[in-house]
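Please read the structure below before turning to the comments.
We call the chains A, B, C, D and E, going by the order they appear; numbering starts again at 1 in every chain.
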């Protein structure tokens, strides 16, 4: 985005803003009665037994929290921007972990299962997703070109394809391929069936993304390229697509991240990927939450890795394509 | 895409291409032994009992089909483009319906259930999705601006948010909100919990989409706007976002279509939406396929409606923004 | 419009640059620029390609940040932490070298936006004013087209009209006639002469020497980020001081 | 390069337009244009903004389709179903009014792409040639920058160098000096004079009358999509026939 | 306190599955129906309160911490000691036999022939645990069992119907047999699946009402009602209505 050459005064330095923030924070904490929580314990010397401290205890707890909150923001704002980002991330992470912790999880159970989840589950998930997204990208380029072409048959097939495979639930597609192909004489294994379903489905979504990216490149680029005698394919490959990349990458990243999790749908046909194991391993002892949270954290880590990769690629292409 | 002023010779008019196509089609049909199908029946006078016709029957059937296929394409190519698109769509539709038909479905069963699926299921699905996508869009704009801003705290919160909510499986988010909020004292109903989870999750995905769209608008537009004294918000609302719309719409359409189906995840907390009913209604009489296919067709119809709306909006903005 | 800001010390200075320097990374684009412009004065900036002319005028409304020296517009210093940048910018019209029209708005809407959105001029009046300006640049009939449907010269004229609609106190022109045919150049220059006569302060990057002679109060010649020579037009053209200027002028006059 | 295509009937005609008309929707941009260009001839096209000059030259390499009449380049008719459009285009260099550089490639890569990708010139040689052309337009030191980091005039010069690198038989220039300062104009025009002397066929939309006089074999004046007058430069400037031309010239000469 | 609340509101909220015919499902009027549903209704009427059904996912019911959203679960849950850490199981109300089935045309005639075969089971169900020889059921009154079928390979599917669809493809195409609850297998056979039950039931599993942990009063109340329903034959009657067999006593 356009970075302006004028920097407004930092809001956080304005006393009026600080007071307003304090008030908002106070009201928020007050409505969520915080006296019952650990804060109440800390305030015991002042408010007495937290459970019985009533309105007074409630507002005392809220006030303390609100001051902590605003003070925290203020202190953060004194640091350079990179440090700010780091601190805020860390704080949010801790808060979130505390939230998980409040579920009263049995960690020994998680420990005993996590190894298998990673070696068997994560591996399968990654493998299926990576193969599928690659096939989907190829489908998407072909599909996008077909949808933008003026060949009636190609357009019709491509638009039927995107409509159908975006239209049917992925679960349905998995079923149709796994159970439908045998009807016409082809018995197919679970993993290939899953990969086919995921590739076709995401290929349809990505066709739309690629189409938008290609369409956004100004006409002048086509003209400059074609007027030098570059053929269609060359123009597409060397002139148009590289410029479309910064536009295509973020939604494609979305799709890949979504696919990591959608690949869990293939567990219905008995593929032992991450989510399948999460749902299964906890079954015997009713420890679903433990397993689900573990799986969620693994997914999250994966997502963060992908986000870093994504922003690298984007930066690389954006620097080049700066206008 | 750039429509060139020179139209290459239509491939389909070249005898060599036609022959090649014929060969490919023949091989394809040959590998999928078509003699057992209805084609075999038609060819009975020539090849005798289909089941016993062996290689001869198999190649005869494949040949007939290949000729039909290529002839069909050739005939289609004679029509004007709009008609071509119509014919191909219709043919694909019929083929697909035939595939469904081959599952030997009990239509009376579908008939007896479809009313309830639409009034209860479709309504809930649409309602939840529409509300969620609207909230998600608002979140996305705020998130995108925060991610592009040079305010450390805003950036950190926004990037933590996108990372977390893209990172956790939607199912997990539904659980966390449904079961986690009560831990801090708020018991929340199933439908609101579902809407919150969907909005937060899709808000995170759409933040990325909006960010890419906003970033793609050339610097000169910001400069022209700011140099007239338009403030940041005005510039964003009236100059940048309208130009970003054609870029944002296709991936957003993707998200909405995906959400229609992802909203089925809220059935885990007992919301009776379309997919839940599809899975449930067929249970007693083991008519899963009937119900799943019905749901799939409803989703598909919805998707097609959305696609038409999407292309209308896109066209509207693209005409305006043509460069 | 708001009254001219008459700071006692500024002697009616609308723009003053003192010791302004600017770098792009390692590369110094502007080197110790000093320039004052009084109200109603018309400055012409010329110089070879890449000498920093565009950069200089883009610093004046702070589209670019300078790193050293001070720039004052209307007595208000332009710096990183200023509050009223938007008001200052409203009073500085700018015609970009690349036009930067808003592609999603018709020509008319492009011209109406500024007055209507930030000056609070009612729609009807803004439209009237826009049509008047478009007529002045001879393209009233293109009012309902989108920028992409115009020829290069037409686009440039829209850009000029759009700026004028804001009725700014100062106009910055960045090669406002580059895409025009000679006839149109003459007309646009006439428009600018008209503005000049109505007392508008103008800074114009241009190589139209006829214009410089006719309306310029001061011609500034830049090379490699420095102001090499400044003089009134007659002396500038007939009696240039520096060698660099002489060389440049000989090129112009020879063809 | 391939030998000039010497069709018996064409008398060495490189370009011929016969009765060419073109519409944008309802609006007729080109009206019954007739024009022949022999090898080595230099045509200058001028005329007011919006008169269809850009459109005319864009029809020559079929960036725009015409609806009536015939256009032949090198004896090959340009029409919807032609096979060898890419070969024809390789031999027609074009410098766009808006430059249209490839923003994701450096200046050097912009210049190397054509020769390397479609002419099959090896990388090293393509680079050498590109540097030679960049030197010719005086910006060898910008070779490793991206287009967005260049000033307007620098971009225009890259666009010219890029076209020349393809060593085309015909060059089409669409206001190739619009963004240049007079010094640079002189230099670019010198480059073009050099090309002209080496026998290159050129069609140039420009309002640089000095150039027209010096190298033009024929000056074509357009207005409202029609060719109003065509003549050799001397007669065109000193003794114009039509009233429209006289009016146009009076504008140019008056400032 | 939950009990007080139920009584004061006059409403018992019951969590159950809607996907589990003939225990609980949506009938032709799109209302909840089935054996579990009847049992729940009977419990409510004995408490003289109204009843309301909710259908959260199995994993949500079994996570505990219900936050008062529903009061009890009548969902054919098998109680084990490990599970008792999360929920309380006040009353076993019936036992279902678990059996094997094969494709009609399969040469297999007895369950013992399934030793070493490829058998399909619902993921993480008691059936799969049985195949893995890792089943422990320690509720009172559970009949003892032996691991007399050891499969060569387990094909683990999301639900029994996916398994049945695989069996339908033909003997040995994807799997050789399926293990599942006898009532469900019989229902499938009635619905036209080409399957045949082989051998005697592998084991009987007790199925219980469940409540959130830590509410002794409700626990006692439910236990009392279930015992009464056993005693006066209500459960027998219901079982015969839905299954044609009395499963309420076990064996």
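Heads up, the rule we're going with is that contacts are C-beta pairs under 8 Å (C-beta built on N, C-alpha and C of every residue); 3 or more make two chains touch, one makes a residue touch a chain.
These numbers were taken from a predicted model, which means no experiment stands behind them.
*Asks:* Taking contact as defined at the start, I'd like the list of chains shared as neighbours by chain B and chain E.
*Replies:* Under the touch definition, chain B and chain E have A as mutual neighbours.
*Asks:* Write out the two chains that share the greatest number of C-beta pairs in contact.
*Replies:* Top of the contact-pair ranking: A-B.
*Asks:* Relative to chain D, which chain has the most distant C-alpha mean position?
*Replies:* E
*Asks:* Just grab the chain with the largest centre-to-centre distance to chain B, centres being mean Cα coordinates.
*Replies:* Farthest by centroid: C.
*Asks:* How far is the middle of chain C from the middle of chain E, if each middle is the mean of its Cα atoms, in Å?
*Replies:* Chain C and chain E have C-alpha centres separated by 82 Å.
*Asks:* Round to the nearest whole Å and give the separation of the Cα centres of chain B and chain D.
*Replies:* 47
*Asks:* Let me have the rounded angstrom distance from the C-alpha centre of chain A over to the C-alpha centre of chain E, please.
*Replies:* So the centre of chain A lies 37 Å away from the centre of chain E.
*Asks:* CA centre of chain C versus CA centre of chain D: separation in Å?
*Replies:* One centre to the other, that is 30 Å.
*Asks:* Return the residues of chain A touching two or more other chains; collapse runs of consecutive numbers into ranges.
*Replies:* Within chain A, the residues that touch at least two other chains are 103, 179, 220, 223, 226, 289, 292, 323.
*Asks:* Which positions in chain D touch two or more other chains at once?
*Replies:* Correct list: 63, 98.
*Asks:* What parts of chain E, by residue number, touch at least two of the other chains?
*Replies:* 59, 63, 65, 165 - these are the residues of chain E that touch more than one other chain.
*Asks:* Write out all the pairs of touching chains, ordered by chain label.
*Replies:* In this structure, the chains touch in these pairs: A-B, A-C, A-D, A-E, B-C, B-D, B-E, C-D.
*Asks:* In their complex, what parts of chain A are in touch with chain E?
*Replies:* Those in contact with chain E are residues 103, 179, 182, 187, 267-270, 272, 276, 279-289, 292.
*Asks:* If you look only at chain D, which of its residues touch chain B in the complex?
*Replies:* 62-65, 80-83, 85
*Asks:* Which residues, counting only chain A, touch chain C once they are in their complex?
*Replies:* Residues 5-9.
*Asks:* Can you name the residues of chain A that touch chain B in the complex?
*Replies:* Chain A reaches chain B through residues 1-4, 32-33, 36-37, 73, 76-77, 79, 81-89, 92-93, 96, 99, 102-103, 145, 148-150, 152-153, 155-157, 159-160, 162-164, 166-172, 175, 179-180, 183-186, 205, 208-209, 211-212, 214-216, 218-220, 222-223, 226, 232, 246-247, 249-251, 253-254, 257-258, 261, 264, 275, 289, 292-293, 295-296, 299-304, 307, 318, 323.
*Asks:* Under the definition above, what is the set of chain B residues touching chain C in their complex?
*Replies:* Against chain C, chain B makes touches at 220-221, 223-231, 234, 238-239, 242-243, 317, 320-323.
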